[in-house]
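Structure below; questions to follow.
Chain nomenclature is as follows: A, B, C and D, assigned in order of appearance, with residue numbering initiated at 1 for each chain independently.
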(Lines give C-alpha, C1' and ligand atoms only; values in the text may rest on other atoms or scores of the structure.)
Protein backbone atom coordinates (compact mmCIF):
# COMPACT_ATOMS: atom_id res chain seq x y z
CA UNK A 1 0.00 0.00 0.00
CA UNK A 2 1.43 3.31 -1.12
CA UNK A 3 1.99 5.89 1.61
CA UNK A 4 3.03 9.50 1.64
CA UNK A 5 6.16 8.54 3.53
CA UNK A 6 7.31 6.51 0.50
CA UNK A 7 8.19 9.78 -1.21
CA UNK A 8 10.87 12.39 -0.62
CA UNK A 9 9.58 14.63 -3.36
CA UNK A 10 6.13 16.12 -3.96
CA UNK A 11 4.85 18.50 -6.60
CA UNK A 12 1.65 20.46 -5.91
CA UNK A 13 -0.82 20.86 -8.78
CA UNK A 14 -4.29 22.34 -9.05
CA UNK A 15 -6.80 20.68 -11.39
CA UNK A 16 -7.72 22.86 -14.38
CA UNK A 17 -11.26 23.23 -15.72
CA UNK A 18 -10.39 21.80 -19.14
CA UNK A 19 -8.96 18.65 -17.56
CA UNK A 20 -12.29 17.59 -16.08
CA UNK A 21 -14.92 15.69 -18.06
CA UNK A 22 -18.71 15.31 -17.96
CA UNK A 23 -18.44 12.80 -15.11
CA UNK A 24 -17.11 15.80 -13.15
CA UNK A 25 -13.75 14.11 -12.58
CA UNK A 26 -10.35 14.47 -14.22
CA UNK A 27 -10.37 12.60 -17.56
CA UNK A 28 -8.48 9.34 -16.98
CA UNK A 29 -5.84 10.13 -19.61
CA UNK A 30 -4.88 13.44 -18.04
CA UNK A 31 -3.13 11.73 -15.15
CA UNK A 32 -0.28 10.86 -17.53
CA UNK A 33 0.00 14.60 -18.17
CA UNK A 34 0.24 15.13 -14.41
CA UNK A 35 2.86 12.37 -14.13
CA UNK A 36 4.92 14.10 -16.81
CA UNK A 37 4.72 17.49 -15.09
CA UNK A 38 5.66 15.99 -11.73
CA UNK A 39 8.55 14.00 -13.19
CA UNK A 40 9.89 17.18 -14.83
CA UNK A 41 9.87 18.91 -11.44
CA UNK A 42 11.43 15.89 -9.74
CA UNK A 43 14.24 15.96 -12.26
CA UNK A 44 14.74 19.68 -11.77
CA UNK A 45 15.00 19.05 -8.03
CA UNK A 46 17.80 16.53 -8.55
CA UNK A 47 19.87 19.23 -10.20
CA UNK A 48 20.79 16.84 -13.01
CA UNK A 49 20.87 18.12 -16.54
CA UNK A 50 17.51 18.02 -18.26
CA UNK A 51 17.35 14.65 -20.07
CA UNK A 52 15.20 16.18 -22.79
CA UNK A 53 17.41 19.23 -23.18
CA UNK A 54 20.26 16.92 -24.10
CA UNK A 55 19.12 16.69 -27.67
CA UNK A 56 22.57 17.81 -28.79
CA UNK A 57 24.02 14.67 -27.27
CA UNK A 58 21.50 12.69 -29.29
CA UNK A 59 20.34 10.84 -26.19
CA UNK A 60 16.88 11.13 -24.73
CA UNK A 61 14.49 9.44 -22.33
CA UNK A 62 11.45 7.74 -23.82
CA UNK A 63 8.54 6.20 -21.93
CA UNK A 64 8.51 2.44 -22.50
CA UNK A 65 5.62 1.50 -20.22
CA UNK A 66 3.05 3.36 -18.16
CA UNK A 67 0.59 2.06 -15.59
CA UNK A 68 -2.11 3.84 -13.65
CA UNK A 69 -4.39 2.62 -10.87
CA UNK A 70 -7.39 4.80 -10.11
CA UNK A 71 -8.43 4.53 -6.45
CA UNK A 72 -10.31 7.80 -6.30
CA UNK A 73 -11.01 10.72 -8.55
CA UNK A 74 -9.94 14.34 -8.52
CA UNK A 75 -12.34 17.12 -9.42
CA UNK A 76 -12.11 20.69 -10.71
CA UNK A 77 -9.97 23.03 -8.62
CA UNK A 78 -8.75 20.24 -6.33
CA UNK A 79 -5.29 20.81 -4.93
CA UNK A 80 -3.26 17.66 -5.46
CA UNK A 81 0.12 16.54 -4.24
CA UNK A 82 2.08 14.31 -6.54
CA UNK A 83 4.76 12.12 -5.02
CA UNK A 84 7.59 10.99 -7.31
CA UNK A 85 10.47 8.64 -6.67
CA UNK A 86 12.98 6.67 -8.65
CA UNK A 87 12.25 3.09 -7.64
CA UNK A 88 14.77 1.26 -9.79
CA UNK A 89 17.68 1.94 -12.13
CA UNK A 90 18.63 -0.63 -14.75
CA UNK A 91 21.47 -0.36 -17.22
CA UNK A 92 19.49 1.90 -19.53
CA UNK A 93 16.05 1.97 -17.92
CA UNK A 94 14.58 3.83 -14.98
CA UNK A 95 11.42 2.97 -13.05
CA UNK A 96 9.57 5.93 -11.60
CA UNK A 97 6.80 5.49 -9.04
CA UNK A 98 4.16 8.14 -8.70
CA UNK A 99 1.23 8.63 -6.34
CA UNK A 100 -1.35 11.39 -6.26
CA UNK A 101 -2.86 12.59 -3.00
CA UNK A 102 -5.56 15.15 -2.15
CA UNK A 103 -4.97 15.92 1.49
CA UNK A 104 -4.91 12.47 3.07
CA UNK A 105 -6.88 10.84 0.24
CA UNK A 106 -4.74 8.57 -1.87
CA UNK A 107 -6.26 8.87 -5.36
CA UNK A 108 -3.83 7.46 -7.91
CA UNK A 109 -0.86 5.12 -8.18
CA UNK A 110 1.34 5.12 -11.22
CA UNK A 111 4.49 3.70 -12.65
CA UNK A 112 6.53 4.94 -15.60
CA UNK A 113 9.38 2.98 -17.12
CA UNK A 114 11.72 5.17 -19.11
CA UNK A 115 14.44 3.97 -21.47
CA UNK A 116 17.47 6.11 -22.22
CA UNK A 117 18.15 5.87 -25.93
CA UNK A 118 20.40 7.08 -28.67
CA UNK A 119 17.96 8.74 -31.05
CA UNK A 120 20.17 8.25 -34.14
CA UNK A 121 21.02 4.62 -33.59
CA UNK A 122 17.54 4.03 -32.16
CA UNK A 123 19.11 1.84 -29.48
CA UNK A 124 19.12 1.98 -25.71
CA UNK A 125 22.23 3.49 -24.17
CA UNK A 126 23.65 3.30 -20.61
CA UNK A 127 22.32 5.69 -18.01
CA UNK A 128 25.15 8.09 -17.07
CA UNK A 129 26.96 7.39 -13.80
CA UNK A 130 26.24 10.95 -12.69
CA UNK A 131 22.51 10.18 -12.75
CA UNK A 132 23.03 6.92 -10.90
CA UNK A 133 24.97 8.60 -8.10
CA UNK A 134 22.65 11.53 -7.74
CA UNK A 135 19.46 9.47 -7.80
CA UNK A 136 20.84 7.07 -5.18
CA UNK A 137 21.60 10.10 -3.04
CA UNK A 138 18.16 11.63 -3.52
CA UNK A 139 16.29 8.46 -2.68
CA UNK A 140 18.52 7.09 0.09
CA UNK A 141 17.50 9.23 3.02
CA UNK A 142 13.82 9.23 3.90
CA UNK A 143 12.68 12.38 5.66
CA UNK A 144 11.09 12.00 9.07
CA UNK A 145 7.45 13.06 8.91
CA UNK A 146 6.48 14.52 5.54
CA UNK B 1 2.57 -11.23 -28.94
CA UNK B 2 -0.34 -9.10 -30.07
CA UNK B 3 -1.47 -9.55 -33.64
CA UNK B 4 -3.97 -7.84 -35.87
CA UNK B 5 -5.96 -11.05 -36.04
CA UNK B 6 -6.63 -10.80 -32.30
CA UNK B 7 -9.14 -8.04 -33.05
CA UNK B 8 -12.55 -8.02 -34.72
CA UNK B 9 -12.87 -4.27 -34.45
CA UNK B 10 -10.61 -1.47 -35.61
CA UNK B 11 -11.01 2.29 -35.48
CA UNK B 12 -8.93 4.44 -37.86
CA UNK B 13 -7.44 7.65 -36.48
CA UNK B 14 -5.09 10.25 -37.90
CA UNK B 15 -2.57 11.89 -35.55
CA UNK B 16 -3.24 15.61 -35.00
CA UNK B 17 -0.54 18.25 -34.90
CA UNK B 18 -1.30 19.27 -31.31
CA UNK B 19 -0.89 15.69 -30.10
CA UNK B 20 2.78 15.54 -31.08
CA UNK B 21 5.58 16.85 -28.86
CA UNK B 22 9.09 18.21 -29.36
CA UNK B 23 10.47 14.69 -29.72
CA UNK B 24 8.34 14.62 -32.91
CA UNK B 25 6.23 11.75 -31.58
CA UNK B 26 2.78 11.56 -30.02
CA UNK B 27 3.01 12.63 -26.35
CA UNK B 28 2.87 9.44 -24.27
CA UNK B 29 -0.27 10.48 -22.42
CA UNK B 30 -2.27 11.05 -25.58
CA UNK B 31 -2.55 7.33 -26.22
CA UNK B 32 -5.12 7.13 -23.42
CA UNK B 33 -7.11 9.71 -25.38
CA UNK B 34 -6.88 7.43 -28.42
CA UNK B 35 -7.92 4.43 -26.30
CA UNK B 36 -10.97 6.34 -25.14
CA UNK B 37 -11.97 7.35 -28.67
CA UNK B 38 -11.52 3.81 -29.95
CA UNK B 39 -13.47 2.29 -27.05
CA UNK B 40 -16.35 4.72 -27.72
CA UNK B 41 -16.47 3.54 -31.32
CA UNK B 42 -16.22 -0.11 -30.28
CA UNK B 43 -19.18 0.37 -27.98
CA UNK B 44 -21.16 2.09 -30.71
CA UNK B 45 -20.44 -0.88 -32.98
CA UNK B 46 -21.90 -3.31 -30.41
CA UNK B 47 -25.21 -1.46 -30.64
CA UNK B 48 -25.47 -1.47 -26.83
CA UNK B 49 -26.72 1.61 -25.09
CA UNK B 50 -24.04 4.18 -24.35
CA UNK B 51 -22.74 3.40 -20.86
CA UNK B 52 -22.02 7.05 -20.26
CA UNK B 53 -25.37 8.22 -21.57
CA UNK B 54 -27.02 6.16 -18.84
CA UNK B 55 -26.54 8.87 -16.29
CA UNK B 56 -30.27 8.81 -15.57
CA UNK B 57 -29.92 5.23 -14.34
CA UNK B 58 -27.16 6.47 -12.07
CA UNK B 59 -24.79 3.78 -13.33
CA UNK B 60 -21.61 4.51 -15.21
CA UNK B 61 -18.34 2.95 -16.29
CA UNK B 62 -15.17 4.23 -14.64
CA UNK B 63 -11.61 3.32 -15.54
CA UNK B 64 -10.03 1.42 -12.64
CA UNK B 65 -6.67 0.61 -14.20
CA UNK B 66 -4.85 1.50 -17.39
CA UNK B 67 -1.65 0.10 -18.85
CA UNK B 68 0.31 1.09 -21.95
CA UNK B 69 3.35 -0.49 -23.56
CA UNK B 70 5.16 1.63 -26.09
CA UNK B 71 6.87 -0.49 -28.76
CA UNK B 72 7.10 2.24 -31.38
CA UNK B 73 6.04 5.81 -31.81
CA UNK B 74 3.51 7.52 -34.02
CA UNK B 75 4.22 10.86 -35.65
CA UNK B 76 2.24 13.78 -37.02
CA UNK B 77 -0.29 12.88 -39.70
CA UNK B 78 0.25 9.13 -39.31
CA UNK B 79 -2.78 7.03 -40.08
CA UNK B 80 -3.28 4.60 -37.24
CA UNK B 81 -5.55 1.60 -36.78
CA UNK B 82 -6.70 0.90 -33.27
CA UNK B 83 -7.84 -2.61 -32.46
CA UNK B 84 -10.24 -3.00 -29.53
CA UNK B 85 -11.63 -6.12 -27.90
CA UNK B 86 -13.33 -7.13 -24.70
CA UNK B 87 -10.93 -9.64 -23.21
CA UNK B 88 -12.74 -10.45 -19.97
CA UNK B 89 -16.02 -9.75 -18.20
CA UNK B 90 -16.19 -10.01 -14.44
CA UNK B 91 -19.28 -9.47 -12.29
CA UNK B 92 -18.92 -5.69 -12.45
CA UNK B 93 -15.65 -5.20 -14.31
CA UNK B 94 -14.62 -5.36 -17.93
CA UNK B 95 -11.12 -5.79 -19.35
CA UNK B 96 -10.53 -4.11 -22.70
CA UNK B 97 -7.45 -4.88 -24.77
CA UNK B 98 -6.22 -2.32 -27.25
CA UNK B 99 -3.44 -2.30 -29.82
CA UNK B 100 -2.36 0.45 -32.17
CA UNK B 101 -0.96 -0.29 -35.61
CA UNK B 102 0.45 1.88 -38.40
CA UNK B 103 0.23 -0.33 -41.45
CA UNK B 104 1.98 -3.50 -40.31
CA UNK B 105 3.92 -1.75 -37.54
CA UNK B 106 2.67 -2.66 -34.09
CA UNK B 107 3.23 0.48 -32.02
CA UNK B 108 1.26 0.25 -28.81
CA UNK B 109 -0.38 -2.31 -26.53
CA UNK B 110 -2.87 -1.25 -23.92
CA UNK B 111 -5.28 -2.57 -21.36
CA UNK B 112 -8.14 -0.73 -19.68
CA UNK B 113 -10.06 -2.19 -16.75
CA UNK B 114 -13.45 -0.57 -16.32
CA UNK B 115 -15.74 -0.93 -13.32
CA UNK B 116 -19.47 -0.47 -13.63
CA UNK B 117 -20.62 1.53 -10.63
CA UNK B 118 -23.63 3.12 -9.03
CA UNK B 119 -22.64 6.77 -8.82
CA UNK B 120 -24.91 7.54 -5.85
CA UNK B 121 -23.98 4.57 -3.69
CA UNK B 122 -20.38 4.79 -4.96
CA UNK B 123 -20.34 1.00 -5.22
CA UNK B 124 -19.73 -1.40 -8.06
CA UNK B 125 -22.86 -2.87 -9.61
CA UNK B 126 -23.38 -5.95 -11.82
CA UNK B 127 -22.79 -5.61 -15.54
CA UNK B 128 -26.18 -6.01 -17.29
CA UNK B 129 -26.88 -9.39 -18.90
CA UNK B 130 -27.61 -7.66 -22.18
CA UNK B 131 -24.00 -6.45 -22.30
CA UNK B 132 -22.70 -9.87 -21.40
CA UNK B 133 -24.64 -11.55 -24.19
CA UNK B 134 -23.82 -8.99 -26.81
CA UNK B 135 -20.10 -8.82 -26.00
CA UNK B 136 -19.81 -12.62 -26.06
CA UNK B 137 -21.43 -12.53 -29.49
CA UNK B 138 -19.15 -9.76 -30.77
CA UNK B 139 -15.96 -11.43 -29.63
CA UNK B 140 -16.82 -15.07 -30.33
CA UNK B 141 -16.35 -15.27 -34.07
CA UNK B 142 -12.98 -14.21 -35.41
CA UNK B 143 -13.07 -12.91 -38.97
CA UNK B 144 -10.93 -14.70 -41.52
CA UNK B 145 -8.19 -12.38 -42.76
CA UNK B 146 -8.54 -8.86 -41.39
CA UNK C 1 -23.82 36.07 -41.84
CA UNK C 2 -21.78 32.96 -42.52
CA UNK C 3 -23.42 30.31 -44.67
CA UNK C 4 -22.51 26.81 -45.73
CA UNK C 5 -22.33 27.98 -49.31
CA UNK C 6 -19.42 30.24 -48.41
CA UNK C 7 -17.21 27.16 -48.28
CA UNK C 8 -15.90 24.80 -50.93
CA UNK C 9 -14.20 22.57 -48.40
CA UNK C 10 -15.55 20.80 -45.32
CA UNK C 11 -13.91 18.44 -42.88
CA UNK C 12 -16.11 16.15 -40.76
CA UNK C 13 -15.15 15.67 -37.12
CA UNK C 14 -16.79 13.88 -34.21
CA UNK C 15 -16.49 15.41 -30.72
CA UNK C 16 -14.39 13.29 -28.34
CA UNK C 17 -15.27 12.66 -24.70
CA UNK C 18 -12.12 14.32 -23.36
CA UNK C 19 -12.88 17.52 -25.29
CA UNK C 20 -16.10 18.19 -23.37
CA UNK C 21 -16.17 19.93 -20.00
CA UNK C 22 -18.46 19.95 -16.95
CA UNK C 23 -20.85 22.33 -18.69
CA UNK C 24 -21.43 19.36 -21.06
CA UNK C 25 -20.11 21.34 -24.03
CA UNK C 26 -16.80 21.39 -25.88
CA UNK C 27 -14.27 23.41 -23.84
CA UNK C 28 -13.96 26.79 -25.56
CA UNK C 29 -10.23 26.39 -26.24
CA UNK C 30 -10.65 23.11 -28.07
CA UNK C 31 -12.15 24.85 -31.09
CA UNK C 32 -8.66 26.08 -32.00
CA UNK C 33 -7.64 22.42 -32.02
CA UNK C 34 -10.51 21.74 -34.42
CA UNK C 35 -9.49 24.72 -36.58
CA UNK C 36 -5.97 23.32 -36.81
CA UNK C 37 -7.17 19.84 -37.79
CA UNK C 38 -9.52 21.27 -40.42
CA UNK C 39 -6.86 23.58 -41.86
CA UNK C 40 -4.45 20.63 -42.14
CA UNK C 41 -7.06 18.74 -44.18
CA UNK C 42 -7.83 21.82 -46.28
CA UNK C 43 -4.17 22.13 -47.11
CA UNK C 44 -3.91 18.45 -47.97
CA UNK C 45 -6.88 18.93 -50.33
CA UNK C 46 -5.08 21.73 -52.19
CA UNK C 47 -2.29 19.31 -53.06
CA UNK C 48 0.29 21.91 -52.06
CA UNK C 49 3.33 20.83 -50.14
CA UNK C 50 2.82 20.71 -46.39
CA UNK C 51 3.88 24.12 -45.05
CA UNK C 52 4.99 22.53 -41.82
CA UNK C 53 6.88 19.72 -43.53
CA UNK C 54 9.04 22.34 -45.21
CA UNK C 55 11.27 22.66 -42.22
CA UNK C 56 14.29 21.93 -44.42
CA UNK C 57 13.59 25.14 -46.32
CA UNK C 58 13.56 26.94 -42.99
CA UNK C 59 10.20 28.51 -43.76
CA UNK C 60 7.06 27.84 -41.79
CA UNK C 61 3.58 29.15 -41.16
CA UNK C 62 2.87 30.62 -37.74
CA UNK C 63 -0.48 31.77 -36.41
CA UNK C 64 -0.41 35.54 -35.87
CA UNK C 65 -3.99 36.08 -34.80
CA UNK C 66 -6.97 33.90 -33.98
CA UNK C 67 -10.59 34.81 -33.40
CA UNK C 68 -13.57 32.70 -32.40
CA UNK C 69 -17.23 33.56 -32.10
CA UNK C 70 -19.37 31.08 -30.21
CA UNK C 71 -22.97 31.09 -31.46
CA UNK C 72 -23.86 27.63 -30.17
CA UNK C 73 -22.16 24.76 -28.44
CA UNK C 74 -21.22 21.28 -29.51
CA UNK C 75 -21.61 18.32 -27.18
CA UNK C 76 -20.09 14.88 -26.77
CA UNK C 77 -20.33 12.65 -29.84
CA UNK C 78 -21.76 15.41 -32.03
CA UNK C 79 -20.87 15.10 -35.69
CA UNK C 80 -19.57 18.44 -36.88
CA UNK C 81 -18.74 19.82 -40.29
CA UNK C 82 -15.95 22.34 -40.45
CA UNK C 83 -15.86 24.68 -43.41
CA UNK C 84 -12.48 26.18 -44.33
CA UNK C 85 -11.57 28.77 -46.93
CA UNK C 86 -8.71 31.08 -47.74
CA UNK C 87 -10.30 34.53 -47.55
CA UNK C 88 -7.28 36.69 -48.28
CA UNK C 89 -3.64 36.39 -49.32
CA UNK C 90 -1.21 39.16 -48.44
CA UNK C 91 2.47 39.30 -49.35
CA UNK C 92 3.42 36.99 -46.49
CA UNK C 93 0.15 36.50 -44.64
CA UNK C 94 -2.91 34.37 -45.21
CA UNK C 95 -6.37 34.83 -43.73
CA UNK C 96 -8.32 31.62 -43.20
CA UNK C 97 -12.06 31.67 -42.42
CA UNK C 98 -13.58 28.76 -40.59
CA UNK C 99 -17.14 27.89 -39.59
CA UNK C 100 -18.42 24.90 -37.68
CA UNK C 101 -21.82 23.40 -38.38
CA UNK C 102 -23.82 20.57 -36.80
CA UNK C 103 -26.36 19.69 -39.44
CA UNK C 104 -27.94 23.04 -40.22
CA UNK C 105 -26.93 24.61 -36.90
CA UNK C 106 -24.19 27.17 -37.29
CA UNK C 107 -22.20 26.90 -34.06
CA UNK C 108 -18.88 28.66 -34.51
CA UNK C 109 -17.17 31.29 -36.66
CA UNK C 110 -13.43 31.63 -36.69
CA UNK C 111 -10.58 33.42 -38.37
CA UNK C 112 -6.91 32.52 -38.36
CA UNK C 113 -4.23 34.81 -39.71
CA UNK C 114 -1.04 32.97 -40.58
CA UNK C 115 2.31 34.53 -41.36
CA UNK C 116 4.87 32.74 -43.49
CA UNK C 117 8.25 33.23 -41.89
CA UNK C 118 11.88 32.39 -42.18
CA UNK C 119 12.61 30.63 -38.90
CA UNK C 120 16.33 31.48 -38.90
CA UNK C 121 16.01 35.14 -39.74
CA UNK C 122 12.80 35.34 -37.70
CA UNK C 123 11.30 37.52 -40.42
CA UNK C 124 8.25 37.19 -42.62
CA UNK C 125 8.93 35.91 -46.13
CA UNK C 126 6.82 36.05 -49.31
CA UNK C 127 4.17 33.40 -49.84
CA UNK C 128 5.27 31.25 -52.80
CA UNK C 129 3.59 31.94 -56.14
CA UNK C 130 2.61 28.30 -56.40
CA UNK C 131 0.45 28.71 -53.28
CA UNK C 132 -1.06 31.90 -54.61
CA UNK C 133 -2.08 30.28 -57.89
CA UNK C 134 -3.42 27.13 -56.36
CA UNK C 135 -5.40 28.87 -53.63
CA UNK C 136 -6.94 31.26 -56.14
CA UNK C 137 -7.98 28.23 -58.16
CA UNK C 138 -9.42 26.40 -55.15
CA UNK C 139 -11.47 29.34 -53.95
CA UNK C 140 -12.56 30.83 -57.28
CA UNK C 141 -15.32 28.47 -58.30
CA UNK C 142 -18.13 28.02 -55.82
CA UNK C 143 -19.90 24.67 -56.11
CA UNK C 144 -23.61 24.72 -56.82
CA UNK C 145 -25.48 23.30 -53.81
CA UNK C 146 -23.15 21.98 -51.13
CA UNK D 1 0.19 48.84 -26.69
CA UNK D 2 -0.37 46.52 -23.75
CA UNK D 3 1.85 47.05 -20.73
CA UNK D 4 2.39 45.23 -17.49
CA UNK D 5 1.09 48.23 -15.61
CA UNK D 6 -2.33 47.72 -17.24
CA UNK D 7 -2.90 44.81 -14.90
CA UNK D 8 -3.49 44.55 -11.16
CA UNK D 9 -3.55 40.78 -11.22
CA UNK D 10 -1.02 38.26 -12.54
CA UNK D 11 -1.00 34.49 -12.45
CA UNK D 12 2.33 32.66 -12.87
CA UNK D 13 2.35 29.53 -15.03
CA UNK D 14 5.10 27.24 -16.25
CA UNK D 15 4.79 25.72 -19.75
CA UNK D 16 4.29 21.95 -19.71
CA UNK D 17 6.02 19.56 -22.09
CA UNK D 18 2.76 18.30 -23.60
CA UNK D 19 1.68 21.85 -24.45
CA UNK D 20 4.55 22.39 -26.88
CA UNK D 21 4.47 21.24 -30.49
CA UNK D 22 7.03 20.25 -33.13
CA UNK D 23 7.78 23.89 -33.87
CA UNK D 24 9.15 23.90 -30.29
CA UNK D 25 6.58 26.51 -29.19
CA UNK D 26 3.31 26.29 -27.29
CA UNK D 27 0.57 25.07 -29.66
CA UNK D 28 -1.49 28.13 -30.58
CA UNK D 29 -4.73 26.69 -29.16
CA UNK D 30 -3.24 26.10 -25.73
CA UNK D 31 -3.22 29.81 -24.94
CA UNK D 32 -7.00 29.64 -24.47
CA UNK D 33 -6.31 26.99 -21.85
CA UNK D 34 -3.91 29.42 -20.17
CA UNK D 35 -6.51 32.20 -20.39
CA UNK D 36 -9.03 29.95 -18.67
CA UNK D 37 -6.63 29.02 -15.86
CA UNK D 38 -5.67 32.64 -15.32
CA UNK D 39 -9.28 33.83 -15.32
CA UNK D 40 -10.16 31.18 -12.72
CA UNK D 41 -7.40 32.51 -10.48
CA UNK D 42 -8.44 36.12 -11.11
CA UNK D 43 -11.96 35.25 -10.05
CA UNK D 44 -10.71 33.48 -6.94
CA UNK D 45 -8.75 36.62 -6.08
CA UNK D 46 -11.88 38.78 -6.26
CA UNK D 47 -13.43 36.65 -3.53
CA UNK D 48 -16.68 36.46 -5.51
CA UNK D 49 -18.54 33.20 -5.63
CA UNK D 50 -17.34 30.86 -8.36
CA UNK D 51 -19.52 31.59 -11.41
CA UNK D 52 -19.24 28.00 -12.53
CA UNK D 53 -19.98 26.59 -9.09
CA UNK D 54 -23.33 28.35 -9.21
CA UNK D 55 -24.89 25.55 -11.19
CA UNK D 56 -27.63 25.25 -8.54
CA UNK D 57 -28.74 28.77 -9.40
CA UNK D 58 -28.93 27.68 -13.01
CA UNK D 59 -26.81 30.62 -14.10
CA UNK D 60 -23.37 30.29 -15.66
CA UNK D 61 -20.77 32.19 -17.63
CA UNK D 62 -20.18 31.12 -21.21
CA UNK D 63 -17.50 32.41 -23.55
CA UNK D 64 -19.15 34.30 -26.43
CA UNK D 65 -16.02 35.50 -28.22
CA UNK D 66 -12.29 34.94 -27.91
CA UNK D 67 -9.41 36.71 -29.59
CA UNK D 68 -5.67 36.06 -29.45
CA UNK D 69 -2.76 38.00 -30.90
CA UNK D 70 0.56 36.18 -31.01
CA UNK D 71 3.48 38.59 -30.76
CA UNK D 72 6.01 36.03 -29.57
CA UNK D 73 6.09 32.40 -28.63
CA UNK D 74 6.60 30.57 -25.38
CA UNK D 75 8.65 27.39 -25.18
CA UNK D 76 8.92 24.37 -22.91
CA UNK D 77 9.56 25.15 -19.25
CA UNK D 78 9.21 28.91 -19.75
CA UNK D 79 7.88 30.75 -16.73
CA UNK D 80 5.06 32.99 -17.83
CA UNK D 81 3.10 35.73 -16.12
CA UNK D 82 -0.48 36.13 -17.18
CA UNK D 83 -2.13 39.47 -16.57
CA UNK D 84 -5.92 39.51 -16.28
CA UNK D 85 -8.33 42.41 -15.93
CA UNK D 86 -12.00 43.09 -16.36
CA UNK D 87 -12.08 45.77 -19.06
CA UNK D 88 -15.83 46.22 -19.41
CA UNK D 89 -19.08 45.14 -17.80
CA UNK D 90 -22.29 45.18 -19.82
CA UNK D 91 -25.74 44.25 -18.58
CA UNK D 92 -25.06 40.55 -18.96
CA UNK D 93 -21.63 40.45 -20.58
CA UNK D 94 -18.11 40.89 -19.30
CA UNK D 95 -14.98 41.70 -21.32
CA UNK D 96 -11.76 40.26 -19.94
CA UNK D 97 -8.37 41.41 -21.22
CA UNK D 98 -5.41 39.11 -20.91
CA UNK D 99 -1.72 39.48 -21.69
CA UNK D 100 1.08 36.95 -21.34
CA UNK D 101 4.60 38.00 -20.44
CA UNK D 102 7.89 36.12 -20.06
CA UNK D 103 10.04 38.42 -18.03
CA UNK D 104 9.82 41.67 -19.97
CA UNK D 105 8.83 39.98 -23.23
CA UNK D 106 5.23 40.60 -24.15
CA UNK D 107 4.17 37.43 -25.96
CA UNK D 108 0.40 37.33 -26.20
CA UNK D 109 -2.64 39.61 -26.06
CA UNK D 110 -6.10 38.19 -25.61
CA UNK D 111 -9.69 39.14 -25.05
CA UNK D 112 -12.53 36.97 -23.78
CA UNK D 113 -16.13 38.10 -23.84
CA UNK D 114 -18.28 36.14 -21.41
CA UNK D 115 -22.07 36.14 -21.27
CA UNK D 116 -23.91 35.35 -18.07
CA UNK D 117 -26.83 33.11 -18.95
CA UNK D 118 -29.70 31.17 -17.50
CA UNK D 119 -28.96 27.63 -18.61
CA UNK D 120 -32.61 26.50 -18.50
CA UNK D 121 -34.10 29.43 -20.38
CA UNK D 122 -30.98 29.60 -22.58
CA UNK D 123 -31.11 33.40 -22.29
CA UNK D 124 -28.69 35.98 -21.03
CA UNK D 125 -29.35 37.22 -17.51
CA UNK D 126 -28.14 40.35 -15.67
CA UNK D 127 -24.76 40.26 -14.01
CA UNK D 128 -25.30 40.44 -10.21
CA UNK D 129 -24.70 43.80 -8.55
CA UNK D 130 -22.27 42.17 -6.16
CA UNK D 131 -20.00 41.30 -9.07
CA UNK D 132 -20.30 44.80 -10.48
CA UNK D 133 -19.29 46.44 -7.22
CA UNK D 134 -16.45 44.09 -6.49
CA UNK D 135 -14.98 44.21 -10.00
CA UNK D 136 -15.11 48.02 -10.02
CA UNK D 137 -13.23 47.94 -6.73
CA UNK D 138 -10.62 45.47 -7.97
CA UNK D 139 -9.90 47.37 -11.16
CA UNK D 140 -10.14 50.95 -9.86
CA UNK D 141 -6.83 51.34 -8.10
CA UNK D 142 -3.71 50.69 -10.11
CA UNK D 143 -0.77 49.56 -8.02
CA UNK D 144 2.38 51.64 -8.18
CA UNK D 145 5.15 49.60 -9.73
CA UNK D 146 4.16 45.99 -10.38
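List of remarks:
Everything that follows uses one rule, which is that a residue touches a chain if its C-beta (ideal position, glycine included) is under 8 Å from a C-beta of that chain, and two chains touch if they have at least 3 such contacts.
Computed from a prediction, not measured in an experiment: that's the story for all the values here.
Here B-D and A-B are compared, and the pair linked by more C-beta contacts is A-B.
Relative to chain C, the chain whose mean Cα position lies farthest away is A.
With each centre defined as the average position of its C-alpha atoms, the distance from chain B to chain C rounds to 30 Å. Centre-to-centre separation between chain A and chain B, using Cα means, comes to 25 Å. Each chain gets one centre point, the mean of its Cα atoms, and the points for chain B and chain D are 36 Å apart. Contact of a single residue of chain D with at least two other chains is seen at positions 17-18, 22, 27, 29-30, 33, 36, 52, 76.
Within the complex, the chain B residues that touch chain D are 17-18, 20-22, 24, 27, 29-30, 76. Put simply, chain C touches chain D in their complex at residues 22-23, 27-33, 35-36, 52, 60, 62-70, 73. Of all the residues in chain C, the ones that touch chain B in their complex are 16-18, 33, 36-37, 40, 50, 52, 76-77.
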